[in-house]
Structure formats: structure tokens, C-alpha cells
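Heads up, there are several structures right after this.
Below are two complexes that have chain A in common, paired first with chain B and then with chain C.
Right after this comes the complex of A and B.
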């Protein structure tokens, strides 16, 4: 009996104008959205390849250990096409430094070449599903009871021996089997647009991700059908039901997310990162001052009144590369590094205290926003979608955590090999070939070399040396992707969605039991 | 006759459930939007004050050496505006910082350091948002069954048993819907203004009042257009269910679909080269210049400004800057064109027309950024001339202008208050009003055309 009513409703729905319009809406909106997302992904991929090749090239040209500052380039995930999450807020790469903990990815923020285009309202596939499917669910369910009652067919149904709950389930199923094909069509259409693009290939992990997203979408669809049914059961007239349904739709889909966003900012305030930067600058200045003092101290120890360099390249985060310098200069730098590099790590810890506080603030604010936006099922759905597609804040924070752990490994490597205390930290020149100032002057006078006219031994030039073999340096890697992590993370939300659906179902049943069918 | 009809319509709507529910939603959004605006505006202001203080102390440090003043990067940052409660004009997605020196206006940045990167930015909950998303929807909800609904109830045939011209009925309905929706707008705005005035966030200056009035007028036209769209859906269909579906599609088209296709058109119809291609071209130019530079171009001695090689260095640095500047400026022009062309495409949606009109009247958003970008270029020339004059007076200076380094130009100390500082000038009213004319005429043509169709259809409408 249940099946009979469901089938009848399904056939009636199929021929209705709302079905055709719903179908057409998907057909119009999805291609535009998907093409934009696929373009974005392709661009991300291209930037990734370019950046990675560049990072690799730089890595292969390293000649001293003080230049070992790996650049980490994050590979964009293909599932980001379906749910963008916070991808547009994040960069894609960062250079790992000893003097600072990795906080967030920098580099090409967002994916668009023209940052102005971000001013246009742009939504991803999961938002399209959230908006369209909820609307269709409401449009199909708002007059479920009211129209049958208005037309008088409901009285007729209950003249037969159909129980009210069976009737309810049948009605519910009727809408589900009408809308699931539209949903399926949307997924197939969007996946086709992705798959037909030769530059994108999906692995099995990604296919599973899409299937999971589809299953969650069905669940989401059901929740909205139940919302529509609840409204229908509580209203006497179809016109009332539709008005209430649509206004709730606007409220849930367009207002709750923004209200949650802005309210979370009022509830939990964060200071801008500029303020953190001011504190970091202060620490940097303090560190520089201490280094200057140490510089003088070592000069006194070595009995020199200045540090001269023949061939010196310096840079950020302790990078020094020098050749052809006198023994005093080399020894000076070795002693300075022995003190300076561990101190750099200490200062990194001090800076991290400020950064961590800021990051915790961000997380707390985001958490409040998430909880507040649970008022809307569409937000729950979006949060599940971005978790499944690994573009959620949590997944980014996990990634950053991994990079911080990798930094520790790298530091342990430096310390284990006593690199800070070594000449290899800043030169490849054989320490045996270092000449003291006195010796240099003596040889210059004897005409062994002529610094005035650049007639010097070849090993005084950087080009004499080949790059270091860095095979034993630990590399950054992320564990193989699997779904257990994403599933665990979204488990609570899925349960929440199911609980909401069940609660609504119970409400509908209890209301409908007392429903006056006349 | 018209008056009676109008009063009847207004009464009908005021007592309806949809009015009550939407009134609650609209008021809630207005109030929550205002309440969240206050702390965020306060915070933005505090940050801006701190930022300006930091800039000032930097300037003081720099003023010890005129060349450092000229060559070091200065950043101009857009200040938060109180009229953002009317419309933020999408400012949070647009560049807010511009980097310049006396030699060049380098680049712009979308930094917005007070935004949380872990959160997907929402749309700003300002008045323009309430009107363009909520009230446009509510208007359609009022209008969709204005005619088809009456037909189903049979009341319309009753009405025409009296000698009422159809045009008057239509006008009465339109005016009724617009007035009822506008009543919500007024209540919302007045409530919001009260909250703002009590919390002393905005001062009711003449300028602000003009902006508010202009916003109300623009809103009036948008609501009228949306009401006409709803009436059109209503006269096109026999059953109100179908008119509702059509109205929903129209709303989705205007609010979601058309804006959402913008990036598609930008990428496919108005493409620009990739950012890294430009970067590569710059690097190539850089390499060429470096390779062809005379030997000794990179030599420097801070202690001896007049060292001959500094002339070579200044020359090379200037060429390097010009290489980068020409490539980047051309790229920025392409970006601006792409953005402006795409905006023209989105004008198809009345919501976009509404947004651009607000932007024009508030002098905010993209217009504000562009004005500052152009003004800064003028300022930079003046800044350079100032530095040039200063350098000429210094006899110790070798006068070799190097855009990046403090090597071969005057190192005299300058008084902080002598240093030219860029200050933003808001667009004049004449400018603002003239730039909405274009959007306004499009909206008017739209409304007239659609209303013409409605009148025509309604004349032939079968009221039975």
C-alpha cells in the first residue's frame, strides 16, 4: 500500500511543472558553477606544478646547510572542485624557517589571477546542491497535506484501510523518489564535466568521496522534505504553507549563515594579525640587538676589529654562504652560528606564543560560527561537504600541524649532525684551505694571488662547488589519503543531521495523527 | 477609485500572514545586522587608528634620511567607513591596501587583516543585503498571486463587474505591494538608525542623510521592478502555483544565477594572462637587463655616495623598476578592464544594478579603490618632484636617482610635517550622481518594458 501511494505521487510529480522547472534549474546552474570550479582547480594545479618545480630547482642548487629551508607546496585536492571550503582564503606554499613556526600557508592566495574577481558572488557545487535541493524539497512538500485536503482527496484515501503513518511514509517516499533522480542527475552532470576534462583524473579515494557526498546530499534532501511536511501538517491552507516554507528557506539558507558569521565576530573578537606582527617585529629587533652584541664579543675573542669577506652571500633566516674568506672570518661565523642558530630557535618559540594565541582566537571564533550555524541544516550539510572534500578549516589546521611537526624533525636533523657548529653550515670550502689574515697578506705580497685584479684560486668562488647531496635530510610528506579521517571528523555532523530528520519525522507523525482531514 | 483600490490592497496585505512573517524576518535581519555592525566597525576603527599611528612612527624613523623617505615602501590603507551599514559595496573582497614610493605605485593587496582566514567570508549584513536578498524575495512573494490568486478565488471577476479600468486595478496592486514593502524598509532603516545613533557610531551629517535618502530612493525603484516581475509572473499564468514557481526562478536568476556566472564570463569571454606568466616576463626582462648591464653596476659603498659606480647602479635599478612597472601596469589595466566588462554582463540582474547604484552613491567599493589608485599615481608624481627639489638643493648629493636604495641621493634629515602624505579625497556629489545615471536608466527601461508587457497581458487576461 505504501509503495502504491508513493508510486502514484511519483508519477504525478514527474509530470508536474515543478519537476520540469527544478530539472531545468539544475541544468542551467550546475554547468556554470562547475566550469568555474574546474577552471579554478586547473589554475591551482598549474600554479602548484610551477611552484613545485621551482622549489625543487632551488633545493637542488643548495650548497650550504644554512640554505636548507624546504619550501612546502600544498597539492590542491580534486575534491575541492565540489566544495571549496576555505580554500580561497589560503595560500598554497610556505618556506619552512628555523626562526618562525609555520602558521598558515602563504603564496598565491586564492586561485584567481585577478583578485578583483573575488568581489563577485560565486558559489561551489555543494552550495548549489544546498540551495536548489532544499528549495525543490520545500516546493514539493509544502502542499503535501493541504492540497489533498483542499481537493478533498485525502478524505477519500482514509476511507480505505490506510493507517495515517503509512500514508505519511508513502508521501515522504513519493517525494524522495521524485527528487533523488534530480540529485543524481546533478551529480552525474557535474562529475561528467570534471571527468571530461583531460587534465583531471580521479583516484578511487576521490570517487568514494563523491559517493559519500551524494549519500549525505540525500540525507540533506530528506531533512528538507521533512521540514516542508512539518509546515504542511501545521498549516490549514496551501497558501499559508508555501509562504511559511519559502520564508523559512530564505531564513535558513541565506540569513542564518551570515548571521552566524557576523555574530561569531561580535562574540569572540580577534585582533588583526598586524598587531601580532608588531610584537614579532619587536622580538626580531631584540634578537638582532643580541646578535650585534655577540658579534662584538666574538670579534674581541678572535682579536679582530672587523669581519671582512671575499665572497659572501647572506639572506633571511641565517642563510650565509661564503668562499675565499680568511680563517678568522670563517671561525667568527662558526662561533656566531653556534650561538645564534639555537637562539633563533628560542626566539621562534617566543614568537610562537603570540602567533598561537592569535591562531587559537581564530579557531575559537570559527568554532562559535560553526555551532551557531547549526541552526541551519544547509550549513550542517556544507560543513560535512567541506570535511569530506578536505577543504574544511580543521583539515587545513591538521596540515599545518604536520608541517610544524616536520619542522621539529628538521631541527633534530640539524642538531643531530651538529650542523650549527660546523663550517658546512655556511661554506663548502675545505677548512684546511682557510688562510689566516697574516698568511693571506704574506702570500699576496709574494704574488701567489692578486685580489686587486681578481686573480685568486678557483676555490674562492662559489661556482667551483657543486650542490650538496641532501638525500639524508628528512622530507615532508603527508600520509596516504584515506577516508577514515574525514569520516571521523564528519561523523558527529552526520549523526546530527539524522537526529534532526528523525525529530522532524516524529513531529510530523504526532501532528498528522490529529490532523483534521475534512 | 484608485485610492479605494489601493487602500483595499494595503489592508489585504497588512493583515496577511506573509506580511507578518516577512516583517519579523526583515526586522530581525535589520536589527542583528546593525548590532553586529557596531562592534566590528568599532574594532576596524581601533585597528585603523593603531595602524595609522604605526605608519606615523615609521615616517618619523624614515625622516632622518630624505632618500629613505623616498625609496621605502609606504602603504596606503583604506579607512573604515560608517556608511558601510548602508552597503559595504563588497569592500571586504576588494583591495584595501596600495603600496607606493616616490618612484612608483607598486601594487595593491586584498589584505583585510581583521578577517578570520579560517572562516568563509559571508555577505555583509547591511541594509543593501536585506533589500537585495530578503526584500526582493518578499516582494515577489507578495506579487506572485496578485492576479492569478484573485482569479482562483474568483474575486477578480467580481471586481470587474464594476466599471473599473484594468490599468487602474493593476496600478493599485503595484502601488499596494510597493508601499507595503517600503513600509518594512522604512521601519527597518529607522530602527537601525536609532540603534546606530544611540551607540554613537554614526553622526547624522548632511552627507550621511543624503546617502540614506538616496538609498531609499534606489530601493524604491528596485522594489518596484521586483513587484513588476512578480505581477508579470502572475498575469502570465492561470494558476498561482505556476506563477510562484516562475517568481522563484526569476529571483534565483537575479540573486544567485547571474552573479554566479560572472567569473565564468570573466574567464571565458574576457580572459587575461596568468599572473605567473607576467612574473616570468618580468624575470626575463630582469635577466636581460642584468646580463647587459655594464660591469660594476652592482657595486656599492654606503660610505661613499659619490662613487662613480653608483651612477651605473642607479641606472640599472631604474631600468629594472621600469621593466617591472611597465609589465605590471599593463597587467593591472587588463585586470580592471576584465572586472569592468564582467560587471557590465552582470547588469542583466536588477540586483547588480542596485548594488552598483549604491556603490556609486556611497562612493565606495571598486569606485573608491579605483579613485585612490588613480589619485595615488598623481600623488606619486608630486612626491617624486618634492624629493627631486630636495635633492637638488643638497650640494653633497651626486643626484643619481636610484628607486630602491639609499646610495646616491640626498641624506639630509627632513621635518616630518614637510613630507607629503597621501590623503584620500572622497568623490564629489556631482560625480556620484552622474555615475548612477547609467545604471538608473537601465533599471528604468527594464521596469517600463516589463510593466508594458504586464499591462498588455492584463488587458487580455481571462478573468473567469
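Right after this comes the complex of A and C.
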């Protein structure tokens, strides 16, 4: 009996103008959205390839360990085509320095090449599904009971042995089997557009992600059908039901996310990052002062009143590269690094305390926004979609956490190899070839070389040396993707969506039990 | 058999729609329930079909309690409403097929549907036409065909002749007579006193939720049913006027 009514509704729906309009909407909007998203992904990939090649080139040119600054370039995930999440708001790369914790990615963000076009309204596949499917679900369900009541068919149906719960389940199924094909068609069409592009391939894990996204979309669709059914069961007239449905749609899809966004900012205030930068500058100044004191102390230890360099490149972040310097200078730097680099790490920890506080503030704000937006099923769906597509804030923060863990690994490598205490940290020159100040002056006087006219041994020049073999330096890598991680992360939200659907189902059963069929 | 004992219905707003109604429609009987608008005729039907629940009293269909076993009783009753709407985008045959299957008859052929539609006087060329193109009379015939197809022991009709042309109304009465001859209990609520005189076995007049008059065919043929009916209606009108003036 349930199937009979569901089938009847399915046939009537198929021949209705709303089905045709809904199908045509999907046929127009889905390909357009996917073409735009694929284009955006291809741009991101081009940027990624260029950035990665540059990073590799720099890596291959490193000649001293103090220059080891791995540049991490985040590869855009193909699933980002389906749900962009926060990808466009964030950068794509960062240079990892031992003296600071990686906070956020910098580099190329997914903004448009032409900033004047930023006002252009661009949405991804998951947003289109969230908007279109909720609208279609409400359009098909708002008059589910009211129309049967108005047309008098409900009375006739209830003169047969159809119970109210069977009727309700049948009506629900009737819409589900009408709209799921449209949803499936949308997924197949969008996947085809992606798959037919030779530059994009999906891994098996990504395929599972797409399938999971489809299943969650069905769940989302069902929730909106149940919302429409609840409205229909509470309304006596279709005209009332359509107004309430449309208002609910606008409220759930557009107002709740906006309210959540602004409320989270009001509830959880974050100080501007400039304040954090000020604290970091203070610590930098303190570190610089201590370094200066150490500088004098080591000079005294070595009995020199200045540090002369023949060929020196360096920066405030700990990078030093020098050749042809006298033994005293090299020893000075070795001793300075032995103290300074662990101290730099200590100061990085101190700076991280400020940065983490700020980051925690961001996370808290985002968390409040997420929780508040759970009032909207579309937001829950979007959060699940971005989690499954690994473009959610949580995915991003996990990625940043992995970079910080990698930094720890790199530090352990430096410490294990005692690189801070070594000459190799800042020069490739053989320590046996270091000349003392006295010896240099002696040799210069003897005319062995002439520093004034740059007549010096070739090993005093950086170009004399080949880049370091950094094969044994730990490389940054993210563990092989598996769907269980994304699934675990989205499990709570999926359960929430199911719970919402179940609650709505119970509400609609309870309301419809008392529905006046006359 | 349809039976109501001490049937009372008071709506949430306090209005007493039915007041201790006792009614019994036997197999092979056509019972016409007459009365003005708001007399309680449709409430009685709604109670028999379990669309609403009684405040007090008992209702049975074929001896089965309607309130306790509503789904079971529904297999023994067919219903034809005043305005048969059905599914406009389905053809007459598709509507018949749907409701026949809902009624548990899934082995009927297209020929069976056509035969029933012929029996209620629907034109052949309308069988496969969408119902939204049908006139009220044609829809009424399809509604009747659905009731016939269900082949239930009891048939309840709510103002079925309202808006029908005389020919169609006359055909409907013939169909009801045939059903009565097959042993069906027929309850028809109507204002149509002329049709009552033609086919009713018994007639009841309702007023303000109470059955104020009950006559067998022999009795109402002897009496002037029209006069009696108008008498009760007149009282009702006078009562309404008095209410308005007070």
C-alpha cells in the first residue's frame, strides 16, 4: 500500500511542471558551477606546480644547514571542486623556519586575478546542492497534505485500509524517489564534467568521498522533505504552507548562517593580529639583545675585539653562510650558534604562546559559528561536505598541526646531528683550511694571497662548493589519505543530521496523527 | 450493516453537532438522511469513516467498532463525496486502478475498469482522459465507479446528486437500487427529497444534531414527506431568524 501511494505520487510528480523546472534548473546550474569550479581548481594546480618547482629549486641550491628552510606548498585536493570550504580564504604555502611556529599558510590564495571581480557571486557544487535540493524538497512537500485535503482525495484514501502512518511514509517516499534521481543526475553530471577533464583524476579515497557526499546529500534532502511535510501537516491551506515554506527556506539557508557568523564575532572577540605582532616584536628585541650580549661574551672568550668576515651571507632568522673567514670568526659563529639556535627555539616557544592564544581565539570563534549554524540543516550539510572534501577549517588546522609536528622532527634532526654546534651549519669549508688571523696576516705579508685585490684561494668562494646532499633531512609529508579520517571527523555531524531527520519525522507523525482530513 | 448508538459529537469549540443519534441501516436497505445544512448529516458520515472520533456513543460497521478497529471497518465501507475530485492528472481508468488497488483489488484488468465505468454511464471516450478535463457529473460517476469496484457491504454517499443534471441523478439512483438489490446497506445524506421518495427504503430527518423523524417507505409514502420535511426546515429557519433578531 505504501509503495502504491508512493508510486502514484512519483508518477504525478514526474508529470508536474515543478519537476520539469527543477530538472532544468539542475541541468543549467550544475554544469555551470562545475565548469567554474574545475577552472578554479586548474588555476590552483598551476600555481601549485610553479610554487613547488620553485621550492624544489631552492632546496637543491642549499649549501649550509642554516639555510634549510623547507617550503611547504599545499596541493589542492580534487575534492575541493565539490566543496571549496575555506580553501579560497587561505594561502597555499609557507616557508618553515626553526625560529617560529608555522601559524597559517601564506602565498597564493584562491582569489581572482582581477580583484574588481571579487563581488561576483561564485558558489561550489555543495552550495548548489544545498540551495537547489532544499528548494526542490520544499517545493514538492509544502502541499503534500494540504493539496490532497483541498482536492478531497485524502478523504477517499482514508476510506480504504490505509493508516495515517502508512500514508505519511508513502508520501515521504514518493518525494524521495522523485528527487533522488535528480540528485543522482546532478552528481553524475558533475562527476562526468570533472572526469572528462584529462588533468583531473580521482584516487579511490576521493571516489569514496564523492559517494559519501552523495549519501549525505540524500540525507539532507530527506531532512528538507520532512521540514516541508511538517509545514504541510501544520497548515490547512496550500497558500499558507508555501509562504511558511519559503520563509523557512530563506531563514535556514541565508539568515541562520549570517546570524551565526556575526553572533560568533560578537560572542567571542579576538584582538587584532597586530597586537600579537607587537608582542612578537618585543620578544625579538629581547632575543636580539641577549644575542648581542652573547656576541660580546664570545668575543672576549676568543680574545678578539671584532668579527671580520671575508664572504658572508646571512639574515636575522639564523641563516648564515660564510667562506674564507678566519678560524676565530668561524669558531665565534660556531660558539654563537651553539647558544643562539637553541635559544631561538626557546623564543619560538615563547612567541608561540601568543600566537596560539590568537589561533585558539580563531578556532573558538569558528567553533561558536559552527555550533550556532547547526540550527540550519544546510549548514550542517555544508560542514559535512567540506569535511568529506577536506576543505573544512578542521582539515586546514590538522594540516597546520602536521606542519608544526614536522618542524619538531626537523629540530630533532638538527639536534641529533649536532648541527647547531657544527661548522657545517654555516659553511662547507673544511675546518682544516681555516686560517687564524695571525696566519692570514703572515701569508698576506708573504704574498701568498692578496685580499685587497681579491686574489684568494677558490675555496674562499661559495661558488666553489656544490649544494648539500639533503637526502637524509626529514621531508614533509601528509599520511596517505584514507576516508576513515574524514568519516570520523564528520560522523558527529552526520549523526546530528540523522537525529534532526528522525526528530522531524516524529514531529510530522505526531502532527499528522491529529490532522483533520475533512 | 451500519449502526450508531447514542452517538454524540461535541466539537472543540463547544458546538454540539450530534446529540444521541441512534441509527441502523440494514443490509439491502437505502437510508436517506435528510436535513438542513449544519443538521449533523456530514458529521455522522465523518464519524462512520473515522475522520473524527465521537464524544460519546458507539458506531459499528458490520458489527465491528469503528473507533476500536478503524482500519478493519474501512474494508466494509465505500464512500462517495459531494465533490469527487480525485487525481486530475490521472485518467479515469488510472484513478480507478489506484483506488481499487488501495482497496485490495490488484487483479483487475483494464476491461474490468471499462465495464464498471460503462455501468455508471461514463462515456467510452472519457475512460482514458485526464480527470481534470471532466465535468462534476463525470467525476461523480468515476467516484461511484470506485465505490462499486470496492464492492463493500456498506455505501455512504454525501450529497451525491448535488450539481448533477437530472439524467445523471436518475442514473445514480438506478445504480443505488442495483446495489441495494445486491444486499448493500446504503446511507445517503442529501437535501434531495424528490430522490428520497423515489428510492429510499427509510428516511430520517435530522435537526440540530438529533434525528427528529424516522419513516419507513410505507409510512412516508402515506404521509406527505415534502410537507413534513418543510415543516422541520421551517422550524429551523424560524429558529435561525429568532436567533438573528434577538
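We adopt the following convention: the second predicted complex is superposed on the first by the 510 of 518 C-alpha atoms of A that agree within 3 Å, B and C clash if a C-alpha of one lies under 4 Å from a C-alpha of the other, contacts with A are read in each partner's own complex, and residues count from 1 in each chain.
Here is the rule we go by: a residue touches a chain if its C-beta (ideal position, glycine included) is under 8 Å from a C-beta of that chain, and two chains touch if they have at least 3 such contacts.
Owing to the predicted nature of the structure, the values given are computational and were not obtained by experimental measurement.
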Legend entry - chain B versus chain C as contact partner of A:393, first or second or both or neither: first
Inset, instruction - Applying the touch criterion given at the start, work out whether A:365 contacts chain B, chain C, both or neither, answering first, second, both or neither. - result: first
Legend entry - Between chain B and chain C, more extensive residue contact with chain A: B
Inset, instruction - Look at A:257 in the shared chain and tell me whether it touches chain B only, chain C only, both, or neither; answer first, second, both or neither. - result: first
Inset, instruction - Figure out whether A:503 sits in contact with chain B (first) or chain C (second), or with both, or with neither. - result: neither
Inset, instruction - For A:85, decide between first (touching chain B), second (touching chain C), both and neither. - result: first
Inset, instruction - For A:35, decide between first (touching chain B), second (touching chain C), both and neither. - result: first
Inset, instruction - With the two complexes superposed on chain A, say which partner A:15 touches: chain B (first), chain C (second), both, or neither. - result: second
Inset, instruction - For A:242, select first, second, both or neither according to whether it touches chain B, chain C, the two together, or no partner. - result: first
Inset, instruction - Check the residue A:158 against both partner chains and state whether it touches chain B (first), chain C (second), both, or neither. - result: second
Legend entry - Doubly contacted chain A residues - partners chain C and chain B: none
Legend entry - Touch list for chain A against partner chain C, complex: 1, 4-5, 8, 11-12, 15-16, 151-153, 155-163, 516-518
Inset, instruction - Sort out for me which residues of chain A touch chain B in the complex. - result: 17-18, 21, 25, 28-29, 32-33, 35-36, 39, 43, 46-47, 50, 85-86, 88-90, 104, 108, 112-123, 131, 135, 139, 239-240, 242-244, 246-247, 250-251, 254-255, 257-259, 261-266, 269-275, 278, 362-363, 365-366, 369, 393, 396-397
Inset, instruction - Provide the residue numbers of chain C that touch chain A in the complex, in ascending order. - result: 46, 49-52, 71-72, 74-75, 77-79, 81, 83-90, 98-99, 101-104, 143, 146, 150
Inset, instruction - Report the residues of chain B in contact with chain A in the complex, numbered from low to high. - result: 17-18, 21-22, 25, 28-29, 32-33, 35-37, 39-40, 43, 47, 50-51, 54, 90, 93-95, 110, 113-114, 116-125, 129, 133-134, 137-138, 141, 145, 149, 240-242, 244-245, 248-249, 252, 256-257, 259-264, 266-268, 272-276, 335-336, 338-339, 342, 346, 365-366
